[in-house]
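For clarity, chains are labelled A, B, C and D in written order, and residue numbers in each chain start from 1.
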Amino acid sequence: MDLNYTPRQQAFREEVRGWLKENLPAEKLASYDTREGFEQHREWERKLFKARLSMVMWPEELGGRGCDLTEWLIFEEEYYAADAPMRVNQNGQLLLGPTLMEFGTEEQKKRFLPRMAASDDMWAQAWSEPNAGSDMAAISSKAIRDGDHYIINGQKTWSTRAIYADWAFGLFRSDADSKRHHGLSFLMVPLDAEGVTIRPIKALNGKDAFAEIFFDNVRVPVENRIGEEGSGWHVAMATAGFERGLLLRSPARFQQPVRKLIELYKANQEAADRDPSIRDAVMDVWSGAESYALSAYQSVGRLARGEKIGAESSINKIIWSELDLKIHETAMRILGATGELLSSAPQSTDDHGWLEGFLFAQAGPIYAGANEIQRNIIAERVLGLPKA
Amino acid sequence: MDLNYTPRQQAFREEVRGWLKENLPAEKLASYDTREGFEQHREWERKLFKARLSMVMWPEELGGRGCDLTEWLIFEEEYYAADAPMRVNQNGQLLLGPTLMEFGTEEQKKRFLPRMAASDDMWAQAWSEPNAGSDMAAISSKAIRDGDHYIINGQKTWSTRAIYADWAFGLFRSDADSKRHHGLSFLMVPLDAEGVTIRPIKALNGKDAFAEIFFDNVRVPVENRIGEEGSGWHVAMATAGFERGLLLRSPARFQQPVRKLIELYKANQEAADRDPSIRDAVMDVWSGAESYALSAYQSVGRLARGEKIGAESSINKIIWSELDLKIHETAMRILGATGELLSSAPQSTDDHGWLEGFLFAQAGPIYAGANEIQRNIIAERVLGLPKA
Amino acid sequence: MDFTFTDDERAFQDAISRFLMTEAAPEALREIWETDAGRSPDLRNKMAEQGLTALSIPEEAGGLGMGDLVWSLMTQELGYYGIPDSLADTAYVSAGLISVLPDSVSDRKGWLEQIAEGGVRVAIGHPVNPLVADAHLADFTLLNHEGEIHAVPRSLIDVEQNPSIDSSRRLCRVMWEPSSATRIADAETGAPIWDEALNRGALSVAGQLLGLAQRMLDLSVDYVAQRKQFGKPIGSFQAVKHHLADVASKIEFAKPVLYRAAYSLQHGNADASLHISQAHVACGEAAHLAARHGIQVHGAMGYTWEVDLQMFMKRTWALESSWGDRAFHKARISAAIFADDAPLGPGQTFGRS
Amino acid sequence: MDFTFTDDERAFQDAISRFLMTEAAPEALREIWETDAGRSPDLRNKMAEQGLTALSIPEEAGGLGMGDLVWSLMTQELGYYGIPDSLADTAYVSAGLISVLPDSVSDRKGWLEQIAEGGVRVAIGHPVNPLVADAHLADFTLLNHEGEIHAVPRSLIDVEQNPSIDSSRRLCRVMWEPSSATRIADAETGAPIWDEALNRGALSVAGQLLGLAQRMLDLSVDYVAQRKQFGKPIGSFQAVKHHLADVASKIEFAKPVLYRAAYSLQHGNADASLHISQAHVACGEAAHLAARHGIQVHGAMGYTWEVDLQMFMKRTWALESSWGDRAFHKARISAAIFADDAPLGPGQTFGRS
């Protein structure tokens, strides 16, 4: 065990910190759940890409700089510490990207990954269906083989920012008679293809954060399939593992708001201390964010030793989603009566976006597999308890 | 709504308070989980009975004084406020007693209730079996009819203080071929009958708090059956309702320790406030105990209006058991390093029996139907959700 | 000793419920939200026709002379139906304040009569709330200046709107100049009146929160009974059952707390403030849990604008900190229960008169 | 940067585990509890033979020269097997204290050699603990008198036993007279040494609590997999699954907290006290939840003397408040994270050297 950063790692940290200081947008970008904000975020992603900082772990030839996981953690720490913009192309970069790295052909990698790293292509996921939420195997959208194409029909939903995105990826039933996990294929679909209709879904906050995607005889070439025909479930499970696991929610994403929560608490301490649970919650989320960060470093070390991270990623999912909720619940308690005000309200005292974060945190225990499902997975696959 | 006590009710309160002040044992009785303490408690019960205060709600001819539920609440308030001894014959008085009132014959009532009120007979329950815990219908002990007797064979367990008791009551399978809820009969069995063997079970605290009861061809006359042959489940369900509901855990039982917890907190405030969750917990259990008391008064009013209390009693069971746990957890946190000491330890600072109460509170969410089962009942019978 | 409502009181609550069910369906509320004023004169008129504005106006001023207990039933219905109107501010809190003003306030009786008829809207600016609800369309607003009470007509105030996450809220910063013309009570007279207004406001919020909790529970029960996953209604899964059972338990045990608080206020019990703060916290926690477990069992559907759950969740999050946030009420509870003469232990349940 | 243990370290932990599994089965522990001294000289000797008493003794005094990190593995095993022996007090906390005594303490090297050989028991009376574990049979006890360190032989102390709910604990009130003959460090020298001893004691408790949590989880998993109700193993019910999944999560995330704390102490990190208090609280909460959910899924069986769960629950309840109760450690966390120069935010994870 050696908890010192190497000189190379420290130099990388300095480089990232310096670059961000030089290049951060002077003004806060608009919400990426609006068209304007989405394009502002795309511009920012392009700037990151040009500095080879958009996907630091990817190989140089795919637009990255071949960093290891520790360097990625360092990048994330500096990125969040600088309050840099949210990453708008995460569905591509963090979910599909690693999937392509593992299951894609060389041709697919070259075709998709550099454009993804540059955010020339923006990606949406087409995962859920109206009757397949946490039960991902209940998929009914079909992709029926017709020569060297698939013909897609069906409907996907909860596709984040799909109304602005260029591409979507998801699971489709390529064997019309198959059931549950069998006969599914993993396809990538251009969202400007003929037969694709996208209808926004307005979220809690009134913004078009999600969409439904309707497929009406959409033709997709077979080379857009990842993995073998019919083995999409296997590929998707790996993707779901990335999502729940380390990459989607790097620890810095929670350590930074905890730092700000502590500032908020200290600035309002007298009022906050009338409810002793607030101070206790602040201490608890401090410990939770630290522990999540430590666990990430531990996982990075284990992966470096060649170990695999399996069903434990379900524990990760529960921990970060509940932590995020508690951080924002506590901030709302401290804000008290002005907490309900939108940031546009003249009397708002919320200069960090706590309210937006509080709303978003509500979704954490639900998306990427509801926490109830994650607890089943932990019980069955980590502890070995019998299935119901 | 009228939240004033009537002059009669106030006079009754004064009478109980005065009597207790005169008659309370000068020294704390020994634990009723020991033979010595058991008999001390029986003496105390006899004293209460002589003052017609052991079962105030029972009719005068059965040894009570015909009080209504409000007066019973008043009695309980005074009883707990005076720190009077724990009631040793509760299994009889609070579970079997009401069952006999509702389902017993006149002859049975006369034969059993006055002796129960006087604690001439001490009662144990013979409810659970080794393979029938929260699943009460899994009973396999048999009571096969032989003329005007039943012949009992089988085993019961978790019978509280059965090694000291005189009688036991429970469910037995009177139809050998029946399954689950069918073919059960509710019987009362003298524990000195031939063929009864009682083996103590040592509890967490090292005391013989429970016992197993073995029945080897025990003959019990049919007049010891409550209700019809084969309809024991129906009778037992009513008993279980009493147990979970109001009678077993009167609100004063929690208001009194909360009062003491607040004293303990105030006496140790500086140390306790280093952990802000302690003050918050003290406030929370204060509110919980009050709310439990208010709910009891509300139920009493509803019963007086002729309403029935049904599956809501499952909510009661969860509330009091979790409240009891939190009260004692909090006390242990305040006691800190000396909390682990037995009351016999010279350096113990626990002058209320918090540690014993903490251990006992662990059982609350388990006995009388585990809280998981109660939550199922609430979901299915109060909210109408579908069975699994 | 009888801690239940009369048949009449329960019939009244049922009638309100049926009335609001018809007049304030979620679709109608969404339309009202979209309007500039955020309020429906039509709905307000109908409520006045039903006598709801006259509930606690004394009989001699044309009202029904009912008290806080009836309002504890009424506010639950306002919460349950998510009524986008500060009816309770006018007809309960302000009416209560005006009722106890000294006779020397010459407008007193007239105001009460107008409230009873539904002819005025009154907003109230208590210092515990940083903003004033509905001041933009109130005929006059009751305002605090160094403890004095002022009744300030709309023409003498400027308002700045502050949008809330709850689209049904209309919160205003009120700018005004105190003058002897607007003053209706000096600080000494005002102090106990403001205190009582705060208690009444907090109780009104507690009732609404409890109604919101019940609504979110009902919506969730309906949803999980029909929504299927893994081939079964999700309401048959134990984790979902237990989430909703916990909400039902919280509601069941917050209810008598609300009623005791209302009784204590109505009867001038010395522990009324303690009981009201307990009710605010208990009902707030029930509603908060109902929102959290509600959205959890709704899954992603609960995160949408389209599904009604959001209306009630956002109202919950807004009201939880209204008329005193949780810390405010916990501070009042602390002060009372840790005091040397605190009403603790068995036999103190109904407090001291 | 490598936050993992070496293969050697993990092999060491496995070896300890196999050794204790054989030598300290629950039946054997129950027998030891029943003895007057509450300790087994035989078990202690075997542990010494395995080199466990020599772990952190410097090599020049015949030890293995290992540090806090290895002890964070070792203490987990002591907890997992519920070892009724204050081995860690002698071989870890006291040994650590003695190692940093000034050279002027002439007995220093001899004591370390004797500890390494397993020839002495040393008890330690830190002011944070009201009583001293195992002073009744320690050859000498390290005691605090106004900040000074005294090494007091058994013959110069009187002890009064204080039975604990955990039958494996032997807690003594120690009565003694300080004298220049027993003083081995003055108050100024003693202050940082006592502070370090407290940190080491707290870390030792944290490790044991984590081991206890894992043991209670394992016992519970075994129980629910075989115990049937309603015709199925109770481990197939979602509520039971979720109880145990929550315990597994707590353990999984307390573990790296423990290891960072051990590393910080071993490497003299300026934030070591913060990290150790965090570990004490996190491991305590994992163990506390493992006990609560453990007994819940065991049902009434968990409430008996006969089933082994009780041994580990009671040890948990005792150790939770040992070497600083939760309030003590939360106070240290507060002081550190609310300080102006607190190490907060991304990039501060491994503290300041």
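Assume contacts are C-beta pairs under 8 Å (C-beta built on N, C-alpha and C of every residue); 3 or more make two chains touch, one makes a residue touch a chain.
Not measured: the values here are computed from a predicted model.
*Asks:* Which chain's mean C-alpha position is the greatest distance from chain B's?
*Replies:* Farthest from chain B by mean C-alpha position: A.
*Asks:* More contacting C-beta pairs: B-C or B-D?
*Replies:* By number of C-beta pairs in contact, B-C is the larger.
*Asks:* Using the average of all C-alpha atoms in each chain as its centre, how far is it in Å between chain A and chain D?
*Replies:* Distance between chain centres, rounded to whole Å: 40 Å.
*Asks:* Distance-wise, how many Å sit between the C-alpha centres of chain C and chain D, to the nearest whole number?
*Replies:* 53
*Asks:* Which residues belonging to chain B are in contact with no fewer than two other chains?
*Replies:* In chain B, 275-276, 278-280, 283, 372, 375 touch at least two other chains.
*Asks:* Give me the residues of chain D that touch two or more other chains.
*Replies:* 237-240, 242, 330, 334
*Asks:* Sort out for me which residues of chain A touch chain B in the complex.
*Replies:* 273, 275-280, 283
*Asks:* Give the list of chain C residues in touch with chain B in this complex.
*Replies:* Touching chain B from chain C are residues 1-6, 69, 217, 221, 224-225, 232-233, 235-238, 240-242, 244-246, 248-249, 252-257, 259-260, 263, 267, 278, 281-282, 330, 333-334, 337-338, 342, 344-350.
*Asks:* Please name which positions on chain D make contact with chain C in the complex.
*Replies:* Residues 237-239, 242.
*Asks:* Would you pull the chain A residues touching chain C in the complex into a rising list?
*Replies:* Chain A reaches chain C through residues 128, 131-135, 138, 157-158, 201-206, 210, 271-272, 274-276, 278, 332-333, 335-342, 344-348, 355, 358-359, 362-363, 365-367, 370-372, 375.
*Asks:* Where on chain C is chain A touching in the complex?
*Replies:* Those residues of chain C that touch chain A are 128-131, 160-166, 169, 171, 173, 228-230, 237, 239-240, 292, 295-296, 299-300, 302-306, 310, 313-314, 317-318, 321-322, 325-328, 330-331, 334.
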